[in-house]
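Taking it in order: structure first as structure tokens, then the write-up.
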């Protein structure tokens, strides 16, 4: 099979139009979950089918594409999706955050602030933030429509009652532009403050058939209690490789004797810093 | 005195079958109205129409709202009606699990209505929850336990606490003591009577248990085949029933 | 004006489930009781003494006539008006105790005071004083009266009837099943109620008690349909 057998970016034009309509509607109503007719993709659900469809409908031949999975450009998922669009759309690809025009991500927001003109596409497993407490879709839709969000705080209340603090550390619910409560996908809550950004943010849930969006410079508030305010947390260490104290870290086990190191989860950020000469304590 | 609830000509049909027909009554602040009748008499249909769970075919349900005075609940917008449902109104289900979130702690269950109306201070919400658990005789030590670990009577009391925490003015109860042991029933009745008196609550209680209405309800409506056949002071209706069906109902109660 | 006034009252029962038979039990009943007066209803058993009491209390519906208590016509009043009359004005000591099981005696007796807005502590204190006066042992105060003996239940009923200073009182055999000491307490409670101006209608089988506290006797046999015919 040749690459020419595919339409540009794999999906047919009608489907891309349908998805673009959903994206535009999502941008017009920030945080609102727009239903769309999710297609079968050549990857299984849970491997970013929602994000891939949004990327496919967003990409143009002039775009430069970057994919990260948990911040890294070099994991299986990221490599596969990057190659998928290299083959089916023939777009330029990059690992540099600043060079990319479209970035598809799973579970992270890049450390380097995004700029106007960039688009960040999230892969979303479960788009409905109220789902765990209210199983009925008819009821959750009504709750969004009528702004009945008390239940969201019940979830946080349960957290504090059980753990003494808000233990939710990822997929931390936010309120978008003082209206819709939204699941920011399973990004660490450390990334929540970055949701207020200059770039366009698009969220695609393939299995659940929902698209939602945050336009540039939209107000985003993480839900909390007066006496238990929201706190973006990270491991209390600098990066072992580049020494950054302001980036989200992964804990890496280095041997069988309890040895471990903390490194930036954003590989591009870490590499850029090292290229500038920054060094952490574990850097060889 | 303005009635808290004023019902006019409420009718609900299920196709050719009449659910409840042309029901009218006034309920005043602090009054408890009992509705009795056998299964299928229309008492639950009536309750669900009143509480906004079921759209009636005709009639008016006028509630004396805090903000705007008398309003027909049936012509309110859905957001308004739902807001009423979590502030001034409460609904106690026969089966506690229909009225509780079984996966949420007792404290979370009680706190939900507070959070739904904007409470955002964890400490205050928790204090209110503990206070209410105490009022329904549930120990503070159970505040973080889920209702699945509670007995039937405790679940029912938790449901009542969850409903009353926002200080509603009107409580709908569907067989509140149904399915409970008699000793647990007595405790619940005592609790409800105290709460009705101390909070000045009005309540509409649907039950088929005449002993429950005698102790709890000030006034009684007897329903048969969708119609109210008799309506009056509870002890008068039970001791000097006028309608053939009420006489049959009263004489059918087993004596202990 | 009389506190309790019955004017030309009739009463019948229709037994729908026994062929629709209508039994007329009373016709042309009239009586009047002034404040501070105690009137005894007399007549053979089944002559309708209790029926009169129940009609005054609003427990039985009158077929016709007027029953005015404290200015309210009970025969025509709305349920909530009767409830408010019972709460503020009209007390009733019946022979039967009907209470929520499990509620302590102290609270059962305090309830009429709580209903008129007396604070809990004060209501309990007055309840305790009343129970002590009626010689109900303190060990029983925190138990439900449903388990008590007949005489003890009777005294709990009396305590409930006298704890609030009702301007009108109905007493159904208040001294039955009481020993001499307690009978004396009840009679003095009745005398005190009369002294503060209560209008009382009572049924007393105890003739000495009747002679001591009652100002008049009314023979209800005169209210029977046969007598009126």
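By letter and in written order, the chains are A, B and C; residue numbering begins at 1 in each of them.
Note that a contact is a pair of C-beta atoms (placed from the backbone, for glycine too) under 8 Å apart; a residue touches a chain by one contact, two chains touch by 3 or more.
What you see is a predicted model; the values in this text were computed from it and never measured.
> By the document's touch definition, which label belongs to this structure's chain graph: line, ring, star, complete, or other?
The chain contacts form an open line.
> What is the chain whose Cα centroid lies farthest from the Cα centroid of subunit B?
A
> Among all chains, which one's averaged Cα position is nearest the averaged Cα position of every protein chain shown?
Central by C-alpha mean position: chain B.
> Between subunit A and subunit C, what is the gap in Å from one C-alpha centre to the other?
Centre-to-centre distance between subunit A and subunit C: 77 Å.
> Let me have the rounded angstrom distance from the C-alpha centre of subunit B over to the C-alpha centre of subunit C, please.
One centre to the other, that is 32 Å.
> In whole angstrom, how far does the Cα centroid of subunit A sit from the Cα centroid of subunit B?
Between these chains, centre-to-centre, one finds 46 Å.
> Once bound in the complex, which stretches of subunit A touch subunit B?
133, 142, 146, 148, 150-151, 153-154, 157-158, 160-162, 225-228
> Along subunit B, where are the residues that touch subunit C in the complex?
28, 31, 183, 186-187, 189-190, 193, 197, 214-215, 218-219, 232-233, 235-236, 239-240, 242-244, 247-248, 251
> So in the complex, which bits of subunit B are touching subunit A?
Subunit B residues touching subunit A: 78-79, 82, 86, 101, 103-105, 107-108, 111-113, 115-117, 120-123, 125-126, 143-144.
> For the complex, give me every residue of subunit C touching subunit B.
Those residues of subunit C that touch subunit B are 13-17, 54, 58-61, 79-80, 82-83, 98-103, 114-115.
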